[in-house]
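What follows is a set of notes on a single structure, which appears directly below.
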Amino acid sequence: MTRIWVINPNTTRAMTSTIEVCARAVAAAGVDVTGVTSEFGPPSIESHYDEAMSVPGLLAAIQRGEAEGVDGYVIACFGDPGLDAARELATGPVIGIAEAAMQTASHLGRGFSIVTTLGRTIGRAEELAERYGMSRFCRGYHACEIPVLDLETDPMATKLVTEACREAVERDRSDAVVLGCAGMADMCKRISEEIGVPVVDGVTAATLTVQSLVTMGLRTGKRGEFATPPAKEYVHKA
Amino acid sequence: MTRIWVINPNTTRAMTSTIEVCARAVAAAGVDVTGVTSEFGPPSIESHYDEAMSVPGLLAAIQRGEAEGVDGYVIACFGDPGLDAARELATGPVIGIAEAAMQTASHLGRGFSIVTTLGRTIGRAEELAERYGMSRFCRGYHACEIPVLDLETDPMATKLVTEACREAVERDRSDAVVLGCAGMADMCKRISEEIGVPVVDGVTAATLTVQSLVTMGLRTGKRGEFATPPAKEYVHKA
Amino acid sequence: MTRIWVINPNTTRAMTSTIEVCARAVAAAGVDVTGVTSEFGPPSIESHYDEAMSVPGLLAAIQRGEAEGVDGYVIACFGDPGLDAARELATGPVIGIAEAAMQTASHLGRGFSIVTTLGRTIGRAEELAERYGMSRFCRGYHACEIPVLDLETDPMATKLVTEACREAVERDRSDAVVLGCAGMADMCKRISEEIGVPVVDGVTAATLTVQSLVTMGLRTGKRGEFATPPAKEYVHKA
Amino acid sequence: MTRIWVINPNTTRAMTSTIEVCARAVAAAGVDVTGVTSEFGPPSIESHYDEAMSVPGLLAAIQRGEAEGVDGYVIACFGDPGLDAARELATGPVIGIAEAAMQTASHLGRGFSIVTTLGRTIGRAEELAERYGMSRFCRGYHACEIPVLDLETDPMATKLVTEACREAVERDRSDAVVLGCAGMADMCKRISEEIGVPVVDGVTAATLTVQSLVTMGLRTGKRGEFATPPAKEYVHKA
Amino acid sequence: MTRIWVINPNTTRAMTSTIEVCARAVAAAGVDVTGVTSEFGPPSIESHYDEAMSVPGLLAAIQRGEAEGVDGYVIACFGDPGLDAARELATGPVIGIAEAAMQTASHLGRGFSIVTTLGRTIGRAEELAERYGMSRFCRGYHACEIPVLDLETDPMATKLVTEACREAVERDRSDAVVLGCAGMADMCKRISEEIGVPVVDGVTAATLTVQSLVTMGLRTGKRGEFATPPAKEYVHKA
Amino acid sequence: MTRIWVINPNTTRAMTSTIEVCARAVAAAGVDVTGVTSEFGPPSIESHYDEAMSVPGLLAAIQRGEAEGVDGYVIACFGDPGLDAARELATGPVIGIAEAAMQTASHLGRGFSIVTTLGRTIGRAEELAERYGMSRFCRGYHACEIPVLDLETDPMATKLVTEACREAVERDRSDAVVLGCAGMADMCKRISEEIGVPVVDGVTAATLTVQSLVTMGLRTGKRGEFATPPAKEYVHKA
């Protein structure tokens, strides 16, 4: 039995549930997917500050997973917070949803558009696109200006995201759309049907990427930069 | 039942068998993987000329697959021949093994090395790395100078490829290795154990990428560049 | 006497005639330029599939040329199909019209615009611009949405292409225009006069590039990637 | 009176002292520079994990500084941890020492070499060089394999770093050296005299960059990505 | 006493005065800043020709400065004319105002806009942005189409430049503005207050960069490309 | 009759003679090529200072050429000094020898090596390679450390340059060599025969590029950046 943890690095359990449902829906037989909520940190990630402050909670979750022998991890926030540190801690593979979503979308044509929540998160998406070599595929970054937690509660949310996707594809002349927030995972299919263009959700894409890596027996190379961090006496917050 | 064809774009059936075994070994329950040999063209692909001449046979295989309702395709040659044309023809996703191998290796650390057969194929690997946004991850291109078909018959082949991988990792200080030929698929695990570094084979990586795309219901965007080609009266070779 | 073949990789002889007239018009004294039509393949190249399927016919033409001792070749389609394979086969230089047109236009200012036929060919133009190092000069890719073969028959064609060029220059603030189809070769001068901006046709640019290379005694380096392909027994189409 | 805080994001006070001495030595009249030690987190930063875990302590220091009306901040670790989040929190400018050191070295010639502590930190330096647009100036990344805290205690440290710098300059044919650790700040002058090449320390470079920005009245743009983060109820660690 | 010369490479003394006032206003105690007017060449720099013809006068000023033991130099024209040659001649650091302005603006957010005088100078700004690694930060190049010398005499000039800055920031969604002409130095503060976005003037930025380099004892590396030029007998203009 | 001036921007007439002989040898019937020596400036160009000081003499030569109705110009120094300014002044095309040599070599394989005179000129070659989009083709920059004027007088010069070329090709695994100095023009054929690899001389390449542009009726776009410079009263050197 392969065990994959999909870690929501914010503390909002409702969001973890949505994510877990989406991730489980695509997992192969014999793969057990669990949604895990970060135990401390921000309730949603909408700034560099939120993101930075979410990382210790995320890494604590990775450490719990290691203690339980988890086979691989998804970081379920489109900023891919703490990815490098998580790769140092984990024995198995760790994949961010931005990483997986962009690479998946790169298979679907010449270029894709990203549609995210708040405009202030676009800078981070650009940075990640470059890091993963995906800038050349990303034709435009768009925001629907819906706060993360409103995605679940605002009855207009799906409609607004759908319209943002439609406009993005027109303006960018792109072949596909990437949804730029884990909280949009459950809108993916509906938007795609609505606008007639492939739409990629990072939660499912990353879950399947981890599953594939585990199947192939592949994990982070541990001989250099990503070796287990040297053990140290940390000073704890008073 | 999901059906995936792994198309060997050269005409050597023995090589298709090896490829098929490797691809089947990783497929999920409910996914049927078939190795398909190109019906005409070169017996191995070791030059731009071989590669160009392999494309019509590959595309004919895609057309047969479409007639049979195949769900997705792998192009099992590290030059990813005919990828764009295949995406125009196919309804489902098409993935090249260089594309899948490089993206997979990008998840395993800061950088990887590529080890291919003949030195003259390195230029093509460089070109593909750039196309897929993977140049930034690829720290070195290396050749073991074994012709493709000798990989199966030369008793020293695995040992030579292993040594080339070991040297590549040392010289490039890389975190992983990508094997640059479909004919190396069955060496992958052994080399990794031997050198203690993750080694990626494109055949399995691409098969799992196609499987994941089909699971997510994703296929090539068809509204622009990759729409079905306009029907035309071709002149056939006399 | 220097002999240059300008190969039209589609099978439409009328188009070869136009191309030949344009190429001959610029050749120096003592240089014999012949338009050669591919003997099999698509009647026009408007998709990746068309392009891929045009390559064997093009390469067969190169092989005929080699048998006749031709000094250099132009590939007269803006997708530069089969360029690398042709360079392996040919003793003398081989130049694509996209390659020559873009490099020529790079001498005329800070940046140029490309105006091509169908929008679906723009992806290939982008790819080639990058391959030749010309992305930094190309400020915009534009399509006039006229199918290739209509360029000769549609009485409005020149006017429509001219307007597309005029708009492209305005929008991109560019110094020159590159015509993105061999079938536009004979419109070049007229458009330039009309819009008051230098307009580059790849057929003449490539013919003169080949002529210059032959004059300097330069040909493809043959010690590595572009050495003559290893001889092999191919399987022919049933 | 302008007040600048140079924040050491690890918890080792001795290192802060060294840093403070170096920073004060270059400050202009009327500029008060204070070294500030992070109150919790790792004793030294030698992995992605250490770096991620140092960020909350660093950001808490920024928040204390804001309460006290500090004019600008230096992040005194060559990984520039938490830079984006710090810019959201701070009213005045925030500069990382890698950022300042690389940009300073870019003024001194065509290219520089970076000499850091442990080889495993090189990946982060590469990433930052790209982020700041400095990859084109950085000709080589080198490690002397001395742990951060040994820089102060190992009597051979200066000699070893000096030799690493000398070799780096020879191998890379570079015009200058960047020291890749705040703990090397006090070696800077001596190494430069020893090897006859300009050597840049990021602590002094960043202090002067902050001082210059404050003098010019420049601070982070606050209308978009770097606006103050939205206030939220965080869950605290149990 | 540190002595810095801010060299105006055109021959218009009124412009030098404005520049000198701005530069002196930011210099630290103990730093003597002198505005120096080029003794021959163009009255303003608005073309590649003007720029090329300004270089000998600029270099003559550097040579006078060297004879007087000047510690560092600013080249006060946004084309940074003669920068490499000046670095060969000078013992101390030499900084161009485009170089300093762009690097300074890179500290203020994700991206900035450049607003220059005539549209025909934009090409040079693009070239410099690339040279300094700043292309990734520059989101747009804009011209207000006011000739350089009219900046001081046209009563509408500040208003027009302000409006150009406001529009640039809106269109580019940028965090800061860079003023693309030394003649705009004295407008900087007012524009920033007007539009509520940080605005960077290269004259002050470069003066402070030189001051910082001198404080740190840093100067151009002299072992390779920027060594003193070999002495030669030049032919002088008849 | 087409008239092309090949301008040697240094004042050494013997070098102009060599250049003229090489350029004339490749010109087509009906094309008159004249070598022109700069009337003032440095006797050879081996530093940024030499290069900057050569530009006014070069531009004066262009102005004389314009008065005589010359059709196009070659700038015969591998630093391509004054290229942009010359393009503003000239009605017809202007080509630098580095520009032409690199683009010509890009047609001959995947990559080339550059062999220049003094190591201190390599920085400029790198800069030009980037400007022309040729960095991706240039696999290595090498110096033979022979001063420019010794190329004609040192009896060992050809041998030393040949060996530098041979080593460059081996080390870089490149397909061709570019000679990085106009003074090497007459060595080109001999080196190529000696080392069995295509060798490109910029003087002949640029002459043929200009000839081709004139044949096609192409000249610098004059509607924007490269329009004739605004007329101004210059201050002349006392």
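Which chain is which? They are A, B, C, D, E and F, in the order written, and residues in each are numbered from 1.
The rule is short, and it goes like this: a residue touches a chain if its C-beta (ideal position, glycine included) is under 8 Å from a C-beta of that chain, and two chains touch if they have at least 3 such contacts.
Everything numeric here is computed off the predicted structure, so don't read it as measured data.
**Q** Smallest number of touch links from subunit C to reach subunit F?
**A** The least step count works out to 1.
**Q** Can you check whether subunit A and subunit D touch via the same residue numbers (shared by over half) or via different ones?
**A** The interface is built from the same residue numbers on each side, given that over half of them are used by both copies.
**Q** Pick from E-F, D-E or A-D: which interface has over half of its contact pairs in common with C-F?
**A** The same interface as C-F is formed by D-E.
**Q** Which chain has its C-alpha centroid at the greatest distance from the C-alpha centroid of subunit D?
**A** The most distant chain relative to subunit D turns out to be C.
**Q** Could you state the distance in Å from the CA-based centre of subunit D to that of subunit F?
**A** Taking the mean C-alpha position of each chain, the two centres sit 44 Å apart.
**Q** Between subunit B and subunit E, what distance separates the C-alpha centroids? Give it in angstrom.
**A** About 52 Å separates the centre of subunit B from that of subunit E.
**Q** Note the residues in subunit B that touch 2 or more other chains, in rising order.
**A** Within subunit B, the residues that touch at least two other chains are 87, 110, 119, 123, 173, 224-226.
**Q** Hey, which residues of subunit D end up touching subunit A in the complex?
**A** 11, 39-44, 46-53, 55-57, 59, 82, 84-85, 87-89, 119-124, 127, 130-131, 147, 224-227, 229-230, 232-238
**Q** Quick check on the complex: what are the subunit E residues that touch subunit D?
**A** Counting only subunit E, the residues touching subunit D are 26, 28-30, 87, 93, 95, 99, 103-104, 106-110, 132-137, 173-176, 189, 192, 196-198, 200-201, 204-205, 208-209, 211-213, 215-221, 223-226.
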